[in-house]
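Please go over the structures that come below.
The following pair of complexes shares a single chain, chain A, combined with chain B in the former and chain C in the latter.
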Partner chain A sequence: MLFVSYEFIAFTIILFVLYYLLPGKWQWPLLLLASYVFYWIANPYYLIYIGTTTVTAFVAGVLMDKAQDRADLSIAAAKKDGTYTSDFKKAAKARAKATKWKILLISMLFNLGILAVTKYTNFVINNINNFLSEANALKAVDILVPMGISFYTFQTVGYLIDTYRGTCKAEKNIFRLALFVSFFPQLVQGPISRYGDLSKTLYEVHKFTEKTFTSGLIRIFWGYFKKVVIADRIITAVTALIGDTETYTGAYVFVAMMFYAFELYCDFTGGIDITIGIAQCLGITVAENFNLPYFSKNIKEYWNRWHITMGSWFTDYIFYPLSVDKNMLKLSKWSREHLGKFWGKRLTVYISAFLVWLATGVWHGAAWNFVVWGLMNFVVIMISQELMPLYEKFHKKFGWKEKAWYGVFEICRTVFLMSLIRMFDCYRDVPMTFKMVGTMFTKYNLNIFTDGSLLNLGLSGSDYIVLAAGLVIILAVSIYKYRSKKDIREVLFDRPWLWYGAMALLLVITLVFGAYGHGYDATQFIYNQF
Partner chain B sequence: MDEIIAILKELHPDVDYETNKSLVDNRIIDSFDIISIVAEIDDRLDVQIPAEEIIPENFNSAEALAALVKRLEDED
Partner chain C sequence: MRKRITALITVSVIVCMALALLTCLFIPKYMRGIVEGALTAEYYDDKAPHEVIFIGDCELYENVSTVELYRKYGISSYIRGNSQQLVWQSYYLLEDALRYETPKVVVFNVLALEYNEPKSETYNRMTLDGMRWSPSKINAIKASMLPDENMVEYVFPFLRFHSRWQELKATDFKYMFRRDPVSINGYYLRADVRPMETFPDPKSLTDPEFGSNAMNYLQKMTDLCKSKGIDLILVKAPITYPYWYPEWDAQVTSFASENGLTYINYIDKMDEIGLDMTHDTYDGGQHLNVYGAEKFADYFGSYLSENYDLTDYRTVPEVAAIWAEKEDLYNRILEQQLAELEQYGELMNFGKNAIE
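Coming up: the complex of A and B.
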């Protein structure tokens, strides 16, 4: 059931009605039922996977909590009977930590193992066949890859690590945990929520309020506008440009790059708007996943604004633990003593960052283009990091940093660089990407911008007008947020005619200008495949 | 506290660490800086900061960082 389908819209409306008609205590069980129905409609076999992940995470969480409780109780008992010493406390804590670590490791490896087997088996087989230069040395296997498995597995692993660390208590009700793992709006493409954050509102009783519900509705309409009017329209041209690598070279590659940047932004942020909007209509707060990513002045900032929940997941659960690991700190100490101050400070950070970006690439897909994409991000971030002192000297000398035009230049530079790296995701073939990007700098067919060639990409003149108008609307709303640091909805709500007017206008624009009609086939969200 | 400020000053000499209370929230220090700080504290003060303690509240100011180091020393 696609987000962009009549079935999904009907499903959501029925859910909203039942949610607010039923007694409050039935709200979260209803959401669990709805989430499992949503998943069951996609494919009944998916339930085996998500069910297994839920049960193992539940058992592991409870066992970890029990180990901790045992330690706490023994410390309390020792304090009571006068046998308490700090060594006793240390030993009890160390025992609990060791037990919890074993449980965490087993449950994490089991669930990440499922993800690895379902997503990466054929990638490994293909590479072995390539290495042996024999196409069918090993036969590809037919494995069902459950929808959103990367998202719900990471969310569950996050829950397990938080329980191990003691930053959250284990959930004692398996059905509540099942809802956390399967909450349907975010099952398709995230965000990757933390248990400590989502659980605050997920199980609460929510009363219908006009502001919350209509705010959610506007967010949903905004998401559909971006997805259906922009992303699903521009995809026609992107598909044409990427599909014919003989014809569409040079300036066409630049067009493909910028069109894909626009498409991906509208597709992914639109999908997340729908997710957060549905949750908001239900009174549930889901973590924001974007904060004006195309207003970033450097790539590091971009990754703090784009797919925020994935970035913070990798930082908190991989980058930091890896960087502060005992062996890594030893290596850091050794490198300071033997390699000098410069490398001493950098070596371990570089190793951790390299591994994180490698993991980020692999998480996005079982293909070399994603691995290269991840590593390209690593390289660019490290180069920018090293150039920082030079930039500072430059800014001190010329004083451009505070100038508005320089800010715009930095934003354009970041968008260009990110779009360029994303070409690996676009062509899905590493040598081909290098070849095509190369033609952008060697073939000067700028005439395509004036001779009407762009009208042969499956988009008519009116399509371009709709896209340009859409870009202006999105830019206006984004600039407002960037400058005022406020969501435009906060201003609109105080004026009911503007509030309901904006809602109606968005709905009408989406219905009238949505890229459907004869032969329209709603496309799945790009991030659904990850 | 002086040692903590000295470590922070090596990263960003221009920042006033006595008054600034939003080092992470205002992105004055980033994840790379945090790792450098953890390594320096391990090296100079022999205090190991575990990954679960790397949260903005503990790194937002020199004061918070000093309190974290003291807590970890006391726990040890």
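Coming up: the complex of A and C.
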């Protein structure tokens, strides 16, 4: 059931009605049922995977809690009978930690193993075959890859680590945990929620309020606007451009790059808007995943604004643990002693960052283009950091940093650079990407912008007008948010005519100008494949 | 709070009205060029009773002059036909017609039996969009939908045709709220002449048997007519292309005989009818023009009036008055086409030249 389908819309409307008609205590069980129905409709076999992840996470969480409770009880008992010493406490805590660590490791390996086997087996087989120069040395296996497995696995692993760290208590009700793992709006493409955050509102009783519901509704409409008016329209040209690498070279590659940047932005943020909007209609707060990423002035900032929950997941669960790992600290010490202050400060940071970006690339897909894409991000971020002192000197000398035009330049530069790196995702072939990007700088066919060539990409003149108008609307709303630091909905809500007028306008515009229905291929969200 | 409720209700009403208006604007009007999509809906506007209802595809609505049937025999008939009308669509259109009237005779053209599965969304929409909502329409849609079609888009045609904002023409505005008649009791008149050409040799049949789905609906049609006391006649129109295979003919003959129906293959009677395919066809032999359609109506009308107890409506003043208007329209269209043919050598406001 695609988000962009009549079935999904009907499913959601029915859910909204039932959700607010049923007694409050039935709300979260209804959401669990709806989530499992949603998953079952996609493919009944998916339930085996998500069910297994839920059960193992539940058992592991409970066992970790029990190990901790045992330690706490023995300390309390020792205090009571007078045998308590600080060594006793240390030993008890160490035992608990060791047990929890084992449980965490087993459960994590098991669940990440499922992810690895389902998503990466054929990638490994292909690479072995390539290495052996024999196409069928190992035969590709036909494995069902469950929808959103990367998202729910990471969410579950996050829960397990949080339970291990004691930042959240293990969930004692398997059905509640099942809802956390499978909450349907975020199952397709995230965000990757934290148990501690999502559980605050997920299981609560929610009463219908106009503000919450209509705010959610307008967010849903906004998401559909971005998805079906922009992303699903521009995809026609993107597909044409990347599908014919013989014809579409030079300036066409630039066009493809920018079109893909708009498509991905509208597709992903549109999908997240729908997700957050649905959750909001249900009274549930889901973590924001974007914060005006195309207003970033450098790549580091960009990654703090784009796919925020994934970035913070990698930071909290991989980068920081790696940085403070005993072996890393030893390496840091060794490098300071043997390689000098410069490398002593950087080596472990580089290794941790390298591993994080490698993992980020691999998480996005079982293909070399994603690996290279991840590593390109690593390289650019590291270079940017190393150049920082130079930048500062430059800014001190010229004083441009505070100028508005320089801010715009920085934004454009970041968008261009990120779009350039994203070409690996676009062409999905590393040598081809290098080749095509190369033509962008070597072939001068700028006439395509004036001779009507862009009208041969499957988009008519009126399509371009709709795209331009749509992007202007998105830009205007974004600029408002960027400048005022406010969500435009907060301002509109107090003006009922504007509020409902804007909602109606958005709905009608989307219905009229959306690329949906018969004659258009129902386009899955790009991030659904991850 | 009151202000908020007022705003909500007012905006909701405006949105509904806007969508309703946009639906009227966006749905294809089928008023020029390809007019077949307007045929289904026209049936509901007809006030005359119909003792004969023709059900089928273009082999009926382009080949039988309803006005000639009336003029010559006083038969009041209606053709519920559309382009590539599939058997199940014919069945449900008949079922739909029987909600309004019970004719004495139903005539079904058997060419559509060659199709066992839905073929084209465009033809589906042209046939089904004009039907009034009823269980028959719902069942017709269900039976006809292709995998990429959705019932919601039939219920709310706006969702299907919303992208027509890119191709709106003057006629879309002109016919937002009204339609002009494009047929005379379902008959689509063409006065131009293009002699029959040589058709390609028939391909050998991979499976000579009609599909079970098509035959099942033919059986349902037969049963429905029997249950209502209606005589069902199976015909094969006097057209040789698309090719009508002997194996198919044998199956229909056998079906008719098993079910006590009359089946007449008019391909065998083209000479008797008097068809001159150098003059009586407008598209090289695939469909008859008005001259051919009148000849066929003369011949078939004679059979109907001789074998069935049909009223001569020329003697019923109220009905005759209605048919007088139809004759008027028929003559007007014919005159307009003849004038265009004389002036331009081809039709300009009908057929492919009129496609906007």
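To be clear about the criterion, the second predicted complex is superposed on the first by the 528 of 530 C-alpha atoms of A that agree within 3 Å, B and C clash if a C-alpha of one lies under 4 Å from a C-alpha of the other, contacts with A are read in each partner's own complex, and residues count from 1 in each chain.
Convention: a contact is a pair of C-beta atoms (placed from the backbone, for glycine too) under 8 Å apart; a residue touches a chain by one contact, two chains touch by 3 or more.
Because the structure is a prediction, the values reported are computed rather than measured.
*Asks:* Is A:L507 touching the first partner chain B, the second partner chain C, both, or neither of them?
*Replies:* So A:L507 only meets chain C here.
*Asks:* Quick one: classify A:R428 as touching chain B (first), chain C (second), both or neither.
*Replies:* It touches nothing on chain B or chain C.
*Asks:* Now for A:R95: first (chain B), second (chain C), both, or neither, which partner does it touch?
*Replies:* A:R95: touches no partner chain.
*Asks:* Does any part of chain A touch chain B in one structure and chain C in the other, and if so which residues?
*Replies:* none
*Asks:* Please give the residue numbers of chain A that touch chain C in the complex, ascending.
*Replies:* 6, 210, 460, 462-463, 496-497, 499-501, 503-504, 507-508, 511-520
*Asks:* Looking at the complex, which residues from chain A come into contact with chain B?
*Replies:* Listed in rising order, the residues are 165-167, 300-301, 304, 315-316, 319-321, 323-324, 326, 329, 332-333, 336, 345, 348-349, 352-353, 385.
*Asks:* For chain C, which residues count as touching chain A in their complex?
*Replies:* 3-4, 6-8, 10-12, 14-15, 18-19, 22, 121, 148-150, 152-153, 158-160, 162-163, 165-166
*Asks:* Inside the complex, what are the residues of chain B that reach chain A?
*Replies:* Result: residues 27, 30-32, 34-36, 38-39, 42-43, 48-52, 54 of chain B touch chain A.
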